[in-house]
Structure formats: structure tokens, C-alpha cells
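In the two complexes that follow, chain A is the common piece, with chain B as its partner first and chain C second.
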Partner chain A sequence: MSDTLLDGGTLAEGCHPTTEINATVNGRKVQRRVPNHYRVIDFVREELKLTGNKEGCGAGECGTCSMFVDGKLIKSCLAPVQKINGCSVETIDDLDRDAGMSLLQQAFHKCGASQCGYCIPGMVMAATSTLRRNPGASRDEIKEGLGGNICRCTGYQKILDAVELARDIQSGAVPASALEEDAEAHSFIGQRTRRLDAPAKVTGAIKYAADMFMPNMLHMQVVRSPHPHARIVRIDAETARAIPGVECILTCDDVPGVDNFGVFIEDQPTLARGVVRYVGEAVVAVAAETLDIARAAVAAIHVEYEKLPSLFDPHTAMHDGAVQLHGFAQNNICKHTRIRKGDVDAALASADVIVEQTYDTQSVEHAYLEPEAGLAYVEADGCVTVQSPSQNITHHRHMLARILGRPINKVRMIMSTVGGGFGGKEDMIYQGMLALAAIKTRRPVRYVFTREESIKVSAKRHPFNIRYTMGLKRDGRIVATKMVMVADGGAYALSTPGVMNKSAILGPGPYDIANVWVDSIGVYTNNTPSGAFRAFGAFQSEFATECHLDLCAQRLGMDPVALRRINLMRDGATTHTRQQLDRVLAVECLEAAIKAAGWDAGVPYRQGQGKPQRNDFNYEGSRQSYLIGGQTQPLVPRASSKSDVHPVKISIN
Partner chain B sequence: MKHRGRGVACGWYGIARTAAMDRAAVWVELDDGGTVKIATGVTEIGEGVLTGLCQIAAQEMGVRPEDIVLGDNDTARVPEAAHAGATRMTYMIGNAVALGCREAFGRFRTAMGAYWGVSAESVRAFAGQVWAEGSASKRMSMEHAVHVLKKERGIVIVGSGLFTSAHTALNPENGEATPWQSYVFGAQVAEVEVDDDTGEVQVLGVWAAHDVGRVVNPQQVEGQIEGSVVMAVGHALMEEYVQHNGTTTTPGFAKYILPTALDIPHVTSVLLTEPDPKTPLGVKGIGEPAITPTAAAIINAIYDAVGVRMTRLPATPERVMEALVDRRSAKQPDEVPVAEAIS
Partner chain C sequence: MLTFDHYLTPKSLDEAFDVLQRMPAARLLAGATDLLPWAREGRAGDVHLPAVVDLSRIAALGGISQEGARIRIGATTPISALQRHPLLMQQAPVLGACALWFADDQIREQATVGGNLVNASPAGDTQPALLALNTHVTLVRREGDRLIERSVPLSEFILGPSRTMLQPGEILLRLEFDALPNHGVAFEKVGHRRSLAISTVCLATLVHLDASKRIDDLRIAIGAVGPVPERLTDIEDLLTGVTPTSAALREASVRVADRVRSRSRQSYRREVLSNFVERSLAAAIAHAGLDLPRIPKESQNV
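For the complex of A and B:
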């Protein structure tokens, strides 16, 4: 059993039946014996250590694992390894062995088509396939060709531009010099300098945490709570401990330091301590010789729970007498931010029209293409090091030092290449377990989340319920704004206090309003914790404000642009928190946007009111509406259109 | 039948961290070969900040972006520059890099001025070339200049920079505070097509204008805007993490629907580039501000197209249909503005 490990380490051996695979991979003949249950992606990444192609979902949904088998594009996470026996496999690692970067890869680099880069290997493969199939593919055909690949960062536009550029250079319509760097100007600031990390991203050469291997490395898996709220009565890990290859089993009792951490409120243990507060909370961590052994150990650990009453609705959770989820948070209120400016009641009484409405925003998953992953090890000098896509290495280092009870200089965090974050990788939800396991075993330990685990465990965008009252004068002047916002913070605080602040401070929008009342309340529940997410509460509160202004414009019979123009902050404005601003470009932005869009002023929903139609459609910058299949059939509802465009499980025999 | 509509929304965003002292530090060394080492705890999360910082350092040090070696993201090796978030990277660390480079370049000018016997102010550098203003002969490569200073003068050019942004905490009673030093404003217009037989919404175009301050790299700024807009299209129309009694029913991308290349609008970015007067470099940021107006602009455009106001995100085809059916079954005439009622 340990022979194979000494050979350089295979992911699983021994307990699993194996199969022999003979294939040609990137032009080289390979022959390996691997576990029967391997998929093509496992073979390529774990066995051959070709890590250019990524695994983003393991379920055929994201396209990051796309590679060619006998020239046909497949999602390698869906194909059993046996399918490549006798076949020729092409991965991103070797797409253009001679030139370093293929024409498409160069075009991606030129167009700025990679950001975090995690989707890019799969995108390049899918685009290569599209242009191989039809060198003259139209933009819509290219879109369809990439329809099974998700990119969370770029908005696709620059990716499509890149594929079109490559197509046009290939056909000779555009000279190859279009790939060159823009001529050097008098300044490097302001230039469209190509990204310095892009060549490594478009070729798959850059390493993310899950791409890293170390000699003698262990694999971590975690037992997670199936209950939203329960007391842990007993943990029985004896059977698991007896499995050969299990190197360590961790519970909260193994934490040597102060086991409380969080971004704003230290309310979270590294591993559940006595009680679990949401489905997916980590309870026991295992490090073992192989991933399969770690999984077997997790399955063999029995945790006995006593279920407790749970709270899923923040409004209910705030009631007197509701179950208390954290001792310190009265009525389960995690944070209540107040803005009070002027006299809202008096101003509302003076208004010509009062408009009230309630808005709800949903819980949103970050869906970065790279699931959480990390690699921890103890260096020769005793410094424990964690490499992971942490968005906040400074803070994580401090928290980790406390958890581990070590001086700060004996703790080192290295941010590995981040495959998308958007705020979702600010929380330190697994690095503590990794560091503990590395210290305990004196071996490197790697932990890679599955997509399901990532979705279940990581923080979400706070869902908000927003009650809005606005008073206006007949001419459109806002005299008072009142917002009462209740957000579901989930089981632990994470960034909730900051999110409540930001939603409150910015919520009433960039408008000059004399009388403002905002309550922004974040509440603990037994839902998945909510946390930091791009625009951090302001997305939700400003959404309500901007919808509400449109509703007010409708009520007043005004052009929504005109209503905004009247109220926007100008130079010297005072904000809702009474900060004096000097330069304010809000009006300039509005004018620039409507000029670019060719906005035709008037009330919303003109056609429904028998008024003359808008005349600003088909303006430069809008696209044709999309029809599946070369614009010949009418659009079908999304549910079915999706299965049309996502290549379903491709068989490759 | 398909109907088109347009909506508008504005937004604003405070950048760098709220109600706390924010700071970022860097070290700079003019290295052999005329290259420059920058060490800072910056962490790239995909937005392109590393490239932007190399452009800034190149500009300030008189070399090219590819001459910069950036030490980053390792708490044991680089000075603290805090986290990747809050739209603070270009703003905080960009300014710190500029300050560190200005210190280093000031020393370089003094040393080269002394070497050439000219005033420090007349020493200039760009793209790896160094010269003394007004002299035809006093000119050499940066590589040579570094060599000369080290060998003949025993000088290693180093610098450090710290940029801080001070804020005040919110008064718990009334929220009074100066939470941020700089704000980014923005406005977007969205055009949609709504199919009133299916409830399907397509976003055809988004025009986005943001005052991003001095722009380091327009391609990266557009990239942030395009990415934000498409993420917001997802939030507005399809994405929802659903839980039933605390257990998610959207555990994978088959259930949790994200926008694909087929769902995206054409995005037109308009950059207002007036430098931020409060900072040495004049840059601001765009990572988060660009997502604040989009979803509302889309939802407002849906109203403009078919006269139903969606107040719950996401506006899925089912929900849009439900709203349309509700309105039809209520047999209400299209809503009349209250302006007439109040006048």
C-alpha cells in the first residue's frame, strides 16, 4: 500500500479495485493502473498531475474540466476513466506545444478575457472546439459553443471578443499584428497594458490551491452537521480511527488556543463546540493518506445529536421568547444600525405624495468557479503555513495565531491564486482545521471542497426585507426617506455587522435628502451564514431605493431620469451620515449614461398608457434578442433552453 | 408577445474599509538590471490589480511594467496591505506603491544628479531610459544607472510607502460619521425584452457610467463593469440560494442557475476619469460600485416593458408570469399615475 505512495502518491489505492488505462495524453503514451471509480478528470489531474484543466463542479455544469478525447470536446468530470482506454486525450496544458500559446490563447490575452482565470482553460477548450467545427462561426454561434461554460468574473463580453478576434485573424480578415501590445504611449498609467498573469491563466499553468501537491501529503475531509440546530451528545470516531491510513481526527477539543473567531464578532468555533447552528457546520475533521480513506473515515464517524428548535425566519427570530442562538445577542439581533437625520415624520406630513412599498432580495451564492481549497504544512523552522485563496491573509493570520495559541510570526498565510472571491473568501472557515492537522501530523495536509460542499457551507449574500416609505413634493423633490431593513444573517455573524452598516449608510442612495431614517437589522437564524458579497449590503438597499424612485416617478407621472436629476447629490452635498462631500460626479454619471444609451425621456410604461412609444430602442449598444439555433425559432423558456445549450452527458465511445 | 422596455438606476459606493483605519504598506528597491522590486501584501483576486500596480510602479520609477517584480500575498515576506475587498486595492495599495516609488525615485534623482553634476529635478526616467533634462549627453539606460550607483557610489536605492485612509465610526444613536474618504458614483440604463407569454426576460443592453477616478488600465475597469453587470443580471433574473428548513435545495449549478454567454446583454462602459483630489495618485476603484445600479435598472425596465413591478428578486419567468396573470385577472386598466389625483 505504501509503495504507491512512495512512488509519488496516488490518490487512492489498496481498498479499491483498479483498472489499467492505456491512452495517449497530449501526444505521450501513458499506461497507469488507477482506481476503477476514477473519472477522466481524476486521471489527468491526480494521476498525471496535469492540473491545467480544473474541476469546478464535478457535475457537467460549469465546463472548467472541458478537454478533447479523440478530438471531441467532453466534460471530463462526467466521463469514467475507462472511456479513454486506447484514445487520445488533449488537455489545456499542451494545447499548443510549439508556440507556447495558441492563436486563441493569445487573443484571450490581448482582449483581457481572463480575470480569476479558473474558467479560462475550459473556455479556451470550448472556443477551440467551436472554431475547429466552424472557423467562420458567428458571434451567436460562438455564444452557443460556450453555452456550457460558466464564467463568474468577466461577464463573457471580452471572452467573446477574443474568440472573434482569433477567428478573424485565422481567416485573414484581421492582420496578426492585432495581437500586439498597444503602442507605447507617454504614460503607462491609462494604458490597456495586457495582464501580466494572463499567459499563465490562458495556458492553465498557474496553480490554484487544489493544483498543489506536496510529498507525503495527507487529504482532509470533514463531518458536517445534517441538522440546523442541535446539541452534540456524543462523537464516536473509534471505527474511523482504526481504518489504516487515517492519520488524525480532529474535534473542537484539539484546538489549543482561543477557539472563537469572526470578522466582526468572534462567535464561531473552528469545529462545532457542543452545538451546531446550521446544516453543514464542521463537526469533525479527518486527515488520511488518500481522499478515499478520508471519505471512508468520515462515513464511519457517528455523531449523536439532540435536535433543538430552529429559527429560519429573521422576523420570527427577533420575537421576544424566540430561541436564543447566541448567548450575547438579545432577540437574536446581531447588529442594528440606525441613521437619523432631520425629522422624518414632520417631513412626511408635509409631502404631496407618500409612496410605500416592500422589497425582498434573495440569498445569493458567490459561485466563484474555484471551490475552497487549501494546503497546510509546518516548515522546517516550525512556522505553520497555510496556502489558500483567502481574501484576507492579514486577518486570517491573526485569527489563526489565536486559535493555535502561537506567536504571530510562527503563523504564515500565503494567498494562493484565487479562482474568484467576490467577498466569499474573506471568511476563515477551513484554514484552522488544516493548520491543526498539519501541526498534529507533521505532514502537509490538503483539503479541497466539492462544489456541493462549497455551496452548502460558504457564506451567502444577505437576503433583505426592506419596508420603504418616501415622501415627495409634486415637483419630484424628495422630502423624507424611511427604510426599515431586516436581513437574515444566518447562524454566525461573519461580516453581518459591516453589511448592516454599509446597507444603512449607502441605502438611501446618492440623493440629497434632508430627512432620513434608516434601521438596518441583521438577525441570527439557523440558515447558512450570510457574509461579505460584492457591494456588501449596498446592493440590496440601493436596489430598493432605485426601484422605489421608479415607482415614485410613475406615481408622479415623471421621467425617472428627471426625478433623479432633481434629487442627486451635487458638489458640497451632505450625506445621510452628515459627511460633507466636496466633489460629486453623480449628475455627470447620469448624464453620461443616458447620453450613451440615447435615452428618450418620458414616463415609464408608455405603451401601456396609450402614450407614444419610446424611440430609443435599437440604439447603439443593444443587441438583437437571442433565439436558440441561429435565430430561426422563437425563444423557449429558460428551463428547456438551458438543457438545449448545455451539452448533456457526452458519451465518447 | 414580446415587449421592450428601458430602465434607469443610479448608485454610489464608499471605497476602502468602513469605520476603521485602513492602511497599506509597500517596500521598493531599484534592483540590478534596471528592474524594480515591490513588496506588498497585495492579493490579486482576479481583477488585475497586480498588473495595475506594475503600471503604477513603472510610471513612477521610469521603467516598463514588465521590469517590475512584485512580491505579494505572503504574510511572512511582505508588509501588511490588508485584505482584497471593499474596492480598496487600487485605491489603497496603488497609492501606497506610488508613495513608496516616489520616495525611492527621489533618492535616485538625488544620487544621479550628484553623479552627473546636475540638479536632482532635471533627472528624468521613462521606460528604462534615464536622462538629464537639457543635456544631450547625460543619458543612459536604467540598468546602467543602477550599476553605476551601486558600483561607484555604493548606493542601493530603496523606498517605502504607507497609505492610510482614516474614517470615523458611526454614532450608534444617529449614524453620524465620516465612513469613507472617497465615493464612486454611477448610473446605468438597461434595456430588456419581456415575453408576456412565458415571462422570459432578456437583457439586451446595459449602458454603465461610473466615476472611477484616474484610470490605471481601462481594459481592467471595463472588465470589472462587464463582470458586475452580468453578475447582477443573474441576481435580477435567475439566481437564488434556496433553503428548506435550513437545508439547501439548490446544492449545485443544475439548480442554482447562473448567467451563461447566452444570457448576457451588450455592455457599454463609460468612464468618467476625473482624478480623485484626495489622494496622491488620483485613482478610485470599481470592483463593487458597478454592481449597485444594474438589478434595479433591469427591474425598472421590466415595468417599462410590460407594466408589472417586480419587488422580489429574482424576477424569474414564473414570477413575471404570475405578476402578469395577476394584473390581467384583476382586469385593471393599466395603472394611472397619481399625479392627476394629487394635483
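For the complex of A and C:
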């Protein structure tokens, strides 16, 4: 075969083969030799240190890595680096051509179209691509152009507004002065106030933990349990230790301080101690010169387990005789919150209708776009510092000091920009290992989760099973509510106690009910730990309550809004935990919501009962659903002139 | 993670076959949008290959052309070309309608038609559209110093999930089908979301009406509801020669439920498939010039 064909790779002894890449990146010629298996995103971020574009999923699904290759926008996490040989690459880092911010970036800033900011570089790139292709793109075309990019924070409206604003300024339809900051008002409420960090987010300049590099930095990787419940019999790390470039290998034996931590209950070791309790629990941590070496070391570590019986169902876990996952938690009950108000049994006996139903909610992943990451180093004065997107740094700092057995003034936590958290970054799940590795090696150590790892090990929203009993009078008045809720807390407590409290306190909803009984029980199982997630438990119980009220309305033949209007708390109401309220705006809130929604009063499921169809869909002023295919030529009509076949409405089914 | 000793970028078929001859275990790669996600945790995990052969710079594998009544599409043609190429928009618009539903803009720039067929995922979106076009695929291998082509119908090419007739040392060269400038078309798909919308059900319909508005050619192909895409020949036969009516489309739609062979989400798929058959028939017939009113359906969620 021709020699030129084999130029692509050379195999250096003992490490990954490398390849030489010649490309133009952001207008500058670059020539680098990088590992053969690098993808375009690795080349740009790890080799060139251009960190404006992020890696969110590594699988083509999120769009944080979108960049131009020869003018085509692609997902750079899906392109082998060799694809850019001889090509030109454009990343967000230089989109402004050194002029501060591009028009689109200014429009993003003006419209407040960035929150955590992690998706924004990709969004800006996709928007740039859309307007380059068609400077007059319609809103549907813009949606289509941004369709490969996900945002977990903004709800997209402001992003789309920003692209439209940029389009209109570019075409001259709107004056450039529209980008100027609004005049300062007396109150911040109801005003558009510019976010201070937005310029750094729309240009990709802001650094998330995975964007940080330090000279002499090591990379961490972790051996994780493949079993839900097992005893660790033996850890064999000798082969791994012998790999050149492996700087340190950590197990629970390396923890100098008190190795028990947690948000509410101290039940968690930094690295599994003797037993693993869920699939994905950290067992051994490795720090090495390169990510590839760290990965090779992890693959070379052999952990011998003795499998133990596992619990996956919280109801089973509470049975007498079930395996005990933590010595201190009898019947595996992590937290039991009770609310007792009035006499529920008597009230139920007096009710005209009793409606019973069971509700289940599922485990939910936060799916913030920024996977967990952190960088730890020891400062000249011996203070160990961890930078990570921790949503709870002060508490983390205290826990870390105990784990490390150091005075608090020798431990520092810096909260790096959080690329989405939603409660999921409240738990300290990797900062301990990072700090230990930095102390052991006296070198900076960075750890970046893959998306798979993030999904495997970070906390999820608690799945709940809710048995609901509600007694009502025929006129719709609720006389009693009984909720028995069992939540799967997973292997460690994390935020379970707090979540149980909140689900109980807020569960019966904003309704004035004289007789209330709530049991909210969080249970240890061998599932992935459950933890904080937007609404912190209230979501699950209120979901059940609102579903239940709809069901009751149906049983009573009432408009579901009317049923709520009757029962909502009013001035002077007593909450379920017997707190006296002076002023309650719940009714006003409901009235405003039904007005905004164009609510068509009446019982639900009218169609099924042979009554006329509701008329609050697609009413005037409501947002139209999105047409896909905005940017494609409509089908060339065949015999007829009817061309409404396409574009197609999405989400019809 | 995908690792390999060599990444080779041949410029011609001959160079590519040189590599395959020297390294039979080498893996072909076009857009990499299936290969890279596949070599990740949860799928195949870490995969090491002796060599990867990137086909994207071989001119003979690219290009879209018309030769007589036949349309030829090179294997490394990106999906985005199906959406924008004037020839295809005119002569095979079902491909554009399909591309519209395929992933997102950026994946469409990377993903290739050939990769979609060779990957043979039961949820591959181009398969039903190409099946409805009666596509033949051309495979090429080298014997001695001769390049030998063979052409097989797409319906035979895909054997099962991830399995095709492609032999080791063979490359998918191009696709071929008849230009159908006067057929009405429709493409339907549901997936979990817009990008990475791996199909749960997808369906392509092509229809031709004669001068008296009778159906004289009908092709319906379904995907994602079984191991391989297939044609709904019974419905095709039922409606061919018929002047379509709304009632006839409804009747056809209720007959297809038993075609769902996937193991998961069966009842959902059955309902969607039946609705798709009716809606796509109406849409394709309308595109061909005959508007039929839809018979309303009773609400099923009571």
C-alpha cells in the first residue's frame, strides 16, 4: 500500500499512537501531534486549550460541542480528529473576531438568554450557523437550526428571542440601539436587569471546572462497583501501580480523618469501606499523568467481591428480617416524618365521598449539561483547595475538613461556575477523593465525569409511592386527607430526611383541610442514592395531590378549578402543621392562572362523555405549536396545488 | 472510547482496498455518528481496532446523479444532501421528508446514507424511505486488481439488527432507484425527541394516481417496529386500482396492528402505526392531487 496511507499513525512504545494534525483553527494555522483517538473536541479543548466549547454528553446529543469545520456546523464530540486535517475549524472562542462580542452574543446578553451558561456556546454557534445560512430565518427556522442543542435552564424562549433580535438588527429592521442596556429603574422587580456574568457565558470565556488546567496537573479516574450490594474481599492494584505515569491509588484506607459524611446523616464513606451498596459506588481512585493512563490503570485494578442480597424495593426493605443496609437504620428506615392534625378517621366517616388512589413517581436524573468535575491542589501554605460546582460549599468544606482530619482553615472550597445543578450538585460525591489525591501527590488533580458516570452515580429525584385517601362533602369541601408516602432513598441518605419533611409539610397542598394525616417514609435500598431535586420532595407529593383533586372533581362531576377554589387556603387559614397564616393569595393566584390559560370551565373528559369538545386549545393568543421543516423547501406540489402536507407539525401523537 | 493503531484516509477505492487487504480487521468509517457513540460505556464500551478506514474522502463514494430514469446516490452522501439536493427534491422528495425527521442539522451534516444502511439499526430512518423507492444497493469488492460490483435489493441487503449482506472486504458503493417525479409522498415518525429522535415508529408512503384519480402505484414501508423494515404489501394490494376514499384509508389503517413485532411498547406502537398509515396515505394522496377529508376518531383516553 502507499506509504502516505500509513502516515496517519505512529506507535510509540507503551502509549497510545499519535497522529499529526494540520489545520486552521480560528484563523490561525496549527500543527500538533496528538493521540490517535482524539476527537475534534479533545483537540480543541485539551490540546489547544480553547475551552469555550464544552463537552456535555460526548454522544452527539446535547450540542455543547457544536463547532464549524469548513463552514459546516458539526458536533465535534462525534468527529475523529483526523477529519479536520487540512480543514479550517471555528470555535466560539474567537467568534467575535477579537471584537468583544459578536452581534448574536450581544443579543444573547441583552435578552438574558443565559442562565448557567453551559449550553450557550453551542447555542450561539448553532444560531450563528442558522443566520449565516439564512439571514432572514423565521422563528421556526431558528428553532430548527437550534434543534440539536439542549438547554436545561432557560426554557428556550429568551434564546429564540435573542436570535430574532440579532436577525432584525442585522437586517436593519431594528436599530442597533436595541442592544443597549435598559434605563435603570427604581425597582428591580419587573425590570430587565443585565446579568453580570452573561458576557463571559455568551463568549465561552467563563471557566467551569472541566475547563481549568494547571501546570503539572494529574487526571483522576475511579473504579466503581458493578454490584448493587457486595462485600469487598480484596483489591488488587499492583499491576495498575506499576503502570508508568500512575501517581497515586486511593482506597478508603487512605482517608486520614473521620470517613463518614452526609448532608443530614453521616452514612457515606469517601470510597467504599468494606461493602458497596449501589452500582456505581466509588471503590478505588487513581490519579495519573494523562487521562488515558488513568483509564488504563482503572482497567487494570481488580476488585474481588462477595455478592450480598440486595434490596431494590423500599416496601420490601421495610419488612422485618430484610437485609440491613446500615447498622443504625432499623428496618432500613432512613427518615419517617409524620403529620397529625384533627381526627382523620372520624372525618372520613362523615364524608359523602371517599376517593382512594395510589400514585407512583419515578426516579429522575437532573441531566444538568455540565457533568460533575473538580480540580484540587495544595497551595504554598499547605491549604488544600477544591474547585468544583458544589451547590453547598460551606457544608462541603466542613465535611471535607473532617474527612481530611485537618483544621478548617487548611481546607478551602471554591465554587466553580455551576453548569446546571437543580439540587444535584448539593451532594459531595467526589471532592473528597480529589483533595486526598492532591495532598498525596502534591500536584493539582482534575476529575471530569463522563455523562454515563454522572447518570450512574449522582443522586436522582426520589421515586415515591403515595397511597391517597380523601374524604369530601358533595359540595366539594375536603374534610380529610390521608397520605401514606414511601420513597426510595437509595443507598445513602444524602438529602432524604429533608425531602421527607418537605414532601410531608407541603404534600396536602395549599388547601384548607381540618383533618390531615401524613406519613412520609424514606427508605434505604441498593438503588442509586436519591437526593435533592427541584422542589425537594414537594413535587412528588403535590403531583399526587393535584392528580387526586382532578380525580375527585371527576367523581363529583365538578369543574376541577371550582373544586380548588372551594378548598384553597384563605386569609387566616391554618396550615397542615398548624401554622396560622394572616394573608394568603392562593385564590388570586388561581384566578390569574385560569385567565392566562384561557381555561374553559367544566368537567374534564367531556368528549368521552358525549359533551362538546373543550375550547381552550389553540385559542387566540396562545402559542402555536412548532412546525418542523422551517428551513426546508416545502414539497414541490405534484398534481394539485395543495402544499399543506408539509411542513409537519411535531408532537401530534 | 474508540482507540485504534491507524487511522487511514484513502483517496480512492484502490487505496481503501489496499488497506483492507493488508489489515482485514480494519473497520470502515464514514460519518462516525454510529461508530463513536457505539464505542462508549453502556454500549460496546472501550473498543480497540487495528485500523480505521475513513471513506469520506473517496470521490467515487460521493455524488448524486441521474442516469436515464435511475437516480444514484453515493454511499458517503450526508443526510443533509437528501434534504437540499435539487435533483432529489424533484425526483425523490420522500427522502427530503425523511431527512427532515432525521436527528438534527449538525448530525445530518455528518451522518451518511451508507452508514445508516450498513449500521442496520431497526430504527434507521432512511430504510423505509429507500425501501419504498425499491432501492438497490451496489457493493464493491476487489479481486486481483479488478473492482467487482454487485447490486442487491435493499429488502435483501438488511438481514437483521446490525446484520447486512456486506461481506468482509466489501464496501457499500451507492444506492440506485427509479426517479419518481409524479408520486405523492409522506413520511411519518415518532421518537423521544427532536434530536436523537431514535424512531419508535417510522413510515414512508409513496403513491401515484392515474388520470382518473385511481391509485395505480402504492408503496408503504414501515420501520422501527420489527427487526428489519418492511413493506405493507397487503395494504398496497388492497388499495391499488382503487379510487381512494376516506373510508378506504380508515379500513386500511386498522389492518396493520399485527405488524408490530418489537418487544417493547407494543400497544403504543400499534396505535401509532395504525394512525400513521391513515394519515400518511391521506397526506401522500393529497400531495398527488386528491384531498380527502379525514374521518374523526373518537378520543381514546377515556
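Keep in mind that, in the parts below, the second predicted complex is superposed on the first by the 599 of 653 C-alpha atoms of A that agree within 3 Å, B and C clash if a C-alpha of one lies under 4 Å from a C-alpha of the other, contacts with A are read in each partner's own complex, and residues count from 1 in each chain.
Just so we're on the same page, contacts are C-beta pairs under 8 Å (C-beta built on N, C-alpha and C of every residue); 3 or more make two chains touch, one makes a residue touch a chain.
These numbers were taken from a predicted model, which means no experiment stands behind them.
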Quick one: classify A:561 as touching chain B (first), chain C (second), both or neither.
-> first
Mind working out whether A:59 is in touch with chain B, chain C, both or neither, as first, second, both or neither?
-> both
Please indicate which partner A:504 is in contact with in the superposed arrangement: first for chain B, second for chain C, both, or neither.
-> first
In the overlay, answer first, second, both or neither for which of chain B and chain C A:452 touches.
-> both
Pick one for A:584: touches chain B only (first), chain C only (second), both, or neither.
-> first
Does chain A have more residues touched by chain B or by chain C?
-> B
Which partner does A:360 contact after superposing on A: first (chain B), second (chain C), both, neither?
-> first
Please work out whether A:147 is in contact with chain B alone, chain C alone, both, or neither, and reply first, second, both or neither.
-> both
Once the shared chain is lined up, is A:496 touching chain B (first), chain C (second), both, or neither of them?
-> neither
Check the residue A:72 against both partner chains and state whether it touches chain B (first), chain C (second), both, or neither.
-> second
Note: overlapping chain A surface for chain B and chain C spans 59, 61, 144, 147-148, 150, 452, 605, 607-609, 635-638, 642, 645
Touching chain A in the complex, chain C uses residues 1-10, 15, 18-19, 21-22, 29, 31-33, 36-37, 40-42, 46, 52, 54, 56, 83-84, 89-90, 93, 96-97, 99-101, 103-107, 109-110, 182-186, 190, 194-196, 209, 272, 275, 283-284, 286-291, 298-299, 301-302
Give every residue of chain A touching chain C within the complex, in rising order.
-> 1-2, 5-6, 8-9, 11, 16-17, 19, 36-37, 39, 58-61, 63, 66, 72-75, 77-80, 82-83, 85, 126, 129, 144-145, 147-148, 150, 295, 299, 450, 452-453, 605, 607-609, 628-629, 632-633, 635-640, 642, 644-648, 650, 653
